[in-house]
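Alright, structures below, take your time with them.
Heads up, the next two complexes both have subunit A, just with different partners, subunit B and then subunit C.
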Partner chain A sequence: MRLTNKFFAGLIVVAFASAIQAQTGNQTTAGDDATAKGLEIAKERKARDRGWNNSRSEVTMILRNAQGQEATREMKVDTIEVENDGDKAMTVFQSPRDVSGTAFLSFSHVVEPDEQWIYLPALKRVKRIASRNKSGPFMGSEFAFEDMTSYEVEKFDYEYVGDETLDGQDMFILDQFPRYEFSGYSRQRVWLDKEHYRVHKVEFYDKKGDLLKTLEFKDFKLYKDAFWRPMVSYMYNEQTNKSTELITESLAFDVGIDESDFDKNSLRRAR
Partner chain B sequence: MTTPMQSTPHWMTRCLNAPKLIIALCVLVTVLAAIGGKNLYFRGDYKVFFEKDNPQRMAFEEMQNIFNKSENVAFLIVPKGKDIFTPKTFSLIYGLTEDAWQIPLSTRVESLSNYQHTYAEQDDLIVTDLIAQPEVSAERTQQVHDIAHDTPEIDGRLMSAGGEAAVVNVTIQLPDGDQTQEVMQIATFANELKQQYEQAYPGHDIYLTGMVIMNDAFAVAAQEDTQTLVPLMFLVIAVMIGLITQSVFASISTMVVVIISIAVTVGMAGWAGLFLSTATVNVPTMVTTLAVADCIHVLVGVKQYLREGLAKRDAIIASLKLNVRPVVITSVTTAIGFLMLNFSAVPVLSDLGNMTAGGVLLACVLSLILLPAMLMIGPTLASSGGEQSGRAFDGMGEWMTRNYRRVLPFSALVLLVATLFSTNNELNDVAVRYFDDSSTFRQAVNEHEKTMGGMSNIDFVIYTDTAYGITDPEVLEDVEAFSQWLREQEVVHHVLSFTDTMKRLNMNMHNDDQSYYRLPEDRELASQYVLLYEMSLPYGLDLNNQMDIDKSALRIVAMLDNLGSKEFTAFEREAKEKFASLNADLRITAASPPLMFAHIGERNMKSMVWGTVLALVLISGLIVIALRSWRLGLVSLMTNLIPAGVGFGIWGMVSGEINMALSVVLSMTMGIIVDDTVHFLSKYQSARMQQKSVSDSVRYAFRTVGMALTTTTVVLAAGFGVLTFSSFLLNAHMGLLTVIIIIAALLIDLLFLPAFLLWLDRDKQQPGGHADAVNQ
Partner chain C sequence: MNKTVTFCLGMLAAMPAFAEIEFAGRAGGDFRYFMQDPAYPEQERKQLSVFAEPEFYTQWNSGDDSLLVKPFLRYDSVDDNRTHVDMRELMWLHVADDWETRVGIGKVFWGQAESVHLVDIINQTDAVEAVDGEDKLGQPMVNLRWYNDYGTFSAYILPYFRERTFSDNEGRMRPPLPIDGSAAVYESDDEERHIDYAFRWQRSLGMWEVGLSYFDGTTREPELLEPDLTTESPVIRPYYAQIEQVGVDVLTVQGAWLWKMEAIYRTGQQEDFGALVAGFEHTTVGVFDTQYDLGVLMEYQFDERENNYFAIAQNDLMAGLRWVWNDIDGTEVLTGFVQDLDNTDTYSAFIEASSRITDNWRWSLDAYFFASDTPDDTYYFIRRDDHLQFTLEYFF
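And then the complex of A and B:
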């Protein structure tokens, strides 16, 4: 298949926020030191979020455009942690009514294309999607697939930029540079708090280096005494003035799912 | 010759007693005002032509907020071999598409290269860039050729139907407000890309088009004219004045008045927070016309009295006395004419009117205060020169009194016929035609017309007002029928409609079975296709250019020939009616920049006609009051109207296309027209008051103002003639029509008006008759 190598498959619509990257850097100064410190922070971030196993959540997505129009989408997301690779996720859309029951399965990978399958209830068929869509918008929102898949250290190169106080908390600021060739970004700047290594804010810069989007995480809740998850993520597109709000309505861990629930056949059963 | 022997007004003596003080004061005021100039900035974008509440602008902006913006830069790639399906050209398209993402403020790049081609492979839906790599085999180009010609979203949009040209279209997200800086950066960047790729790929021509490039062309045109033609115009005017008055000093002092008038006007505009635009950059030109006319009247008068043996100071006073009234009347009436531009539907034309009105009044004051002051301290003007031409005007007056019976019917007939031709004119505002063939933008437009067809788009939006309403099979059917109807219209050469994508997806999802290339019949299926498709598109290629966020509205983009305003708006109406006949329940709107321009001409002309009528009534009223004569007031109304009629009549013969700049010419030339009439009539009147016969009065008027009027007209015609060399047709046409009208005005005032007066007052021929012609 001549074309296959150009496609990317699989994406995981993983539990929102926790998944966002973090890390280092300022290329211009302190070179190696900044890179090393950035990587160190990134590793610590990932280390603190390891072992959560699996989760199930109900999510509402509110889209807004420059004219003030709003559109709401609801979905249920099952996610399972995968060691040494991107996570796997199953997303079932519940509203709008017309797409209710449509299910989307994705295996995210670090620098290879993700794998994705979709089940369309109206067609009663499962289709694998082969596309370069990691950079593309998720359900017409301001979130790209790559903004929502699980955070893996190896997805980026890092540079530590400095420290800052944000909302009264001490933060590291990192720049992270996507390693994935077809990422939509040239760079992301990430603010993580020094206490829990939680990401609070991310700025996304487009391929020409202009600020494209700003993402903020709010209302962190602690699960299993170890894992912090934001209940609200707010993505604002600085160029088009469109925005998307992602609200976690419910979230539970260890919900009794395993890898066998994440395959093509389970898509048909998903509701 | 005797001068009217009223006592010398106080201000005149004061000015002449302290010329240096006057000059110093003027310099001070100029400096203070000119500082305001630093607040000025230039806006080159086309939106300055539209009011914020202009309905077409509002529709367009609403559309821009709901859908992705459609302001763009387009690269038109034309290989010399007229075939884009070669590995070389593909490699160019691929590279340019990638690099175009670097254009400042770009948000979307579309081309044959990154077109998201979908097809089925067993149970897989493959979504891929059509030219996914820089090096492509000849075999692959052939495959792409077949796919492209089968895909309505590509054929005629991203490449020409004949395959001789390809397009890389870059959507730009411009900030609100003043965008000139960004537009310049973008245009510069795009130009560099174009040159870089033309060099790297010999045998390919690349042309730049699109709204952003047009905005840039507007700005460049205005700046080029300001930097080359306008200075040239000043030079021509200065030289002409010098030649005609045979005095360098006269020329210099006139230019001083002109420059101070302009500097103060523009400076005050800066203080007032106005900005410069493609329209208001003409303010200096317009202020110049009246400033020159005012000064020449004074100068010619001074020379005349010097020739009659008066001392310098006395000659200046005599000339001022003779000219104060007509100069003031002319200036006030001209200012009124320009203030009428406030009726214009084009905001920058209102600015233009207000600024020029201020400048004209300023020029009036300066020519009556500063000019005499300068003349006082400067060398005495040569009294020589002009005798010959003075005698020529005497001769002309003489000839007129003898031949008016033949001149009158003949000139009346000529004027009538010429005026009738003005019905040939048609309102036509097509922005791309504001540029002539020598501009690179117009060349790109022409090439685009040759290969792709016209580039005038109309975006139709169909609102269902329900979430996912656009996937209702009935709505899809109606949209499909509407798109089909659009395609059948001869003037339409491409229609981008989501129904094509829908049909393709339906086919893909049924293993590329051709028989499924049709709309899905099930609403849920259609909705799920949309979801599937939008989930598989990469960054910058989302569906928001065709549908809104809750899938309740759909945008259909039709590309049309570059039609005239009338046909364009007629097409808009027809299309809306067509859709209403398909589905009367759904709301449809149409918007686009070309549509905005197509409507503006009509709106503007309507308001301008009323403004002009009102101005004429006001001006004639003023003239009646100033001359204290109903009769002469009515005569002036006639001679003020006729030049415009004749001018537009001649325009109807030579061109017939009226754009929004030409609707301004009327206001602009009204000053000169009125100037001619008022000066002639006031001289005629003052002679009649001195109990001269009608014939003698006409001769007197010829002798005293013939020279000044001719000088003004020649000087201004030469000056505006320079503008006709502009590659920006808004300016070139404005210059040409102005020249036509002011020459017509002069001829009318030197031929028709005296003949008419001689005929009108023929009963009062005997000398010493009652001055009833002037005192009714």
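And then the complex of A and C:
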């Protein structure tokens, strides 16, 4: 009897375990589908934005705090597409006047840490910036450095969430999970339109999983018959009620810059 | 200087007359309050000052050529030597594909460290401006910079020497007798017309920044001559020797850490010597769940010289905090403490805080503290010169 009991007990354990396994197996299959579809959408998003070469823009940044205090920053941004890696960008501040001439140079990378330098015109000094500042705010705004760097498929793991209609357009909803260990986010939920794979909205969730910021892109314009760019980006911090608006005042592509224009020497000359 | 004038005229002639001139700059005032009665009778406790630094810029040849003119003027209520005018920049820049030239008067910074700038040697310190030694006098130069995959090579010809500025009788932060900067003695018969040379190579290698430099010419940091006490009003005279200096500066990035090192070896002064500064800066972004960045800095300073008024970083340790608020006003606070490891009674400390009031106005509040009971230490001479400085600046 003892033996039988033990036998039956063992049988139950095995049955239960296989039931669990079956269940997990099913989940994995469903998860795999969502992951595969998510990755497929992400790859299509990137594929549609390849080959834009280089661009130069003038941007106004409007910062608003919870008390309604408002401040305006003006900057010039040069960007160059780098094949099989993150883009290179140089941002020169023109206002406020006390930081006029201050310039940032960044080489963003897919897996490795980004390389960044800042030029301080009063000291004539180029300073290297520690690479683990991606989650930090960009010039006192609600945008983090990691929100400003170029989109690369390999920066995230994906999960397709579902479809939705937003502002009358059919959208995919995607969750993307940063692979970068020191990202400020646990997850980003992204809305992309099915027609052009343009991102319209992003929700940023903090490390605790709470909603931190919402980013909306508006007024899309088509450049070089292929590339859509939003003229307005609006970032709202759900936890502090502060916001930042980025307005593209002018944007031009193929402006005759090459990779050698993105170095410390150009940083020193930036105005 | 006649050659410079002819050259500048030639350059202006090459500039199209319709070039658009951009005008910018800053102006402001500062107030210093010294916390103790002075150590020397002529000195004051309060010091009020106003300054302006306008800037004129123009470019032509679709930006390949540009001219920057930046004079600086200060009026001081107490220290006649602090009332001074300097051409900070009068620089013609020409840019080509893989090289550029800078001809005129300008400023150059070399190095990576925060607490001492050993490698940085092109410009003379405008010492009456601030105790941190980061204000510089404009240096006449011809500079060629050439860049390729192996880094940036720079060569400098420095045809004219600038004498360091020093506080006068009424000014604080000086030895018991004032240093008379205009009574300088030179090793070279050419005096300030001695032509100096400098070379530098700098390169980024992934997570590394590496620089090597060489300088041959008149030392920027003088030695002080014994005063002749038999005269009616004795003064200390600076002596400028001919030196050679080699320097190396290295920085490496590791996540949130920046590791920094600068070292020099200088020959030609009373003694040949080596000096070193090495340390780190660790930055925590969003510290304690706030929007603040907090940086922790520590640097060890070493200098072989035993008895030199300007060699204060002989065997010292600097610890500091950099607190960046990431707010609309760009508020920043930097504070530090420097302890002499040979004499526990010798130390100094500083706080530098600043923030914007509007888009154009910025305030800063700086405080400096010096202590020493060792009579031959530099800090002993200025031990009573602890002060607060409030500055209001308008940027246009």
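Heads up, the rule we're going with is that the second predicted complex is superposed on the first by the 241 of 271 C-alpha atoms of A that agree within 3 Å, B and C clash if a C-alpha of one lies under 4 Å from a C-alpha of the other, contacts with A are read in each partner's own complex, and residues count from 1 in each chain.
We take it that contacts are C-beta pairs under 8 Å (C-beta built on N, C-alpha and C of every residue); 3 or more make two chains touch, one makes a residue touch a chain.
Since the model is a prediction, treat every value here as computed from it, not as a measurement.
Q: Answer with clash or fit: subunit B and subunit C placed together on subunit A by superposition.
A: clash
Q: Of the partners subunit B and subunit C, which touch A:Gly184 in the superposed model: first, second, both, neither?
A: The answer is both, since A:Gly184 touches subunit B and subunit C.
Q: Once chain A of both complexes is superposed, is A:Phe104 in touch with subunit B (first), subunit C (second), both, or neither?
A: The first partner, subunit B, only.
Q: Applying the touch criterion given at the start, work out whether A:Gln69 contacts subunit B, subunit C, both or neither, answering first, second, both or neither.
A: Both partners, subunit B and subunit C.
Q: Could you look at A:Phe227 and tell me whether it touches subunit B, subunit C, both or neither (first, second, both, neither)?
A: A:Phe227 contacts neither subunit B nor subunit C.
Q: Could you tell me if A:Phe93 is touching subunit B, subunit C, both of them or neither one (first, second, both, neither)?
A: first
Q: Check whether A:Asn265 is in contact with subunit B, with subunit C, with both or with neither, and answer first, second, both or neither.
A: Second partner only, subunit C.
Q: If you tally the residues of subunit A touched by each partner, is the higher count for subunit B or for subunit C?
A: Comparing subunit B with subunit C, the partner touching more subunit A residues is B.
Q: Does subunit B (first) or subunit C (second) touch A:Gln239, or do both, or does neither?
A: A:Gln239: touches subunit B, not subunit C.
Q: In the superposed arrangement, does A:Arg128 touch subunit B (first), subunit C (second), both or neither?
A: Once the two structures are laid over each other on A, A:Arg128 reaches both partners.
Q: Who does A:Pro113 touch here: subunit B (first), subunit C (second), both, or neither?
A: second
Q: Considering only the listed stretches 42-50, 96-104, 294-302 or 546-554 of subunit B, which one runs into subunit C in the superposition?
A: Stretch 546-554 of subunit B has C-alpha atoms clashing with subunit C.
Q: So which positions on subunit A get touched by both subunit B and subunit C?
A: Common interface on subunit A, subunit B vs subunit C: 63, 65, 69, 71, 96-99, 123, 125, 128, 130-133, 135-137, 140, 182, 184.
Q: Write out the stretch or stretches of subunit A touching subunit C in their complex.
A: For this pair, the touching residues of subunit A are 63, 65, 69, 71-72, 95-100, 113, 115, 123-125, 128, 130-133, 135-137, 140, 182, 184, 260, 263-265, 269, 271.
Q: Given the complex with subunit B, which residues does subunit A contribute to the contact?
A: It comes out as residues 1, 3, 6-7, 63-67, 69-71, 93, 96-99, 102, 104, 116, 118, 120-123, 125-140, 144, 182, 184, 206-208, 210, 239-240, 242.
Q: Which residues of subunit B touch subunit A in their complex?
A: 62, 64-66, 68-69, 101-107, 116, 121, 123-129, 132-133, 173, 467-468, 471, 509, 522-529, 531-532, 534-544, 548-551
Q: Which bits of subunit C are touching subunit A when the two form their complex?
A: Those residues of subunit C that touch subunit A are 24, 26, 57, 93, 95, 97-98, 100, 107-109, 112, 134, 145, 147, 152, 202, 204, 206-207, 209, 251, 253, 255-258, 281-283, 285-286, 291, 293, 325-330, 356, 359-360, 362, 393, 395-396.
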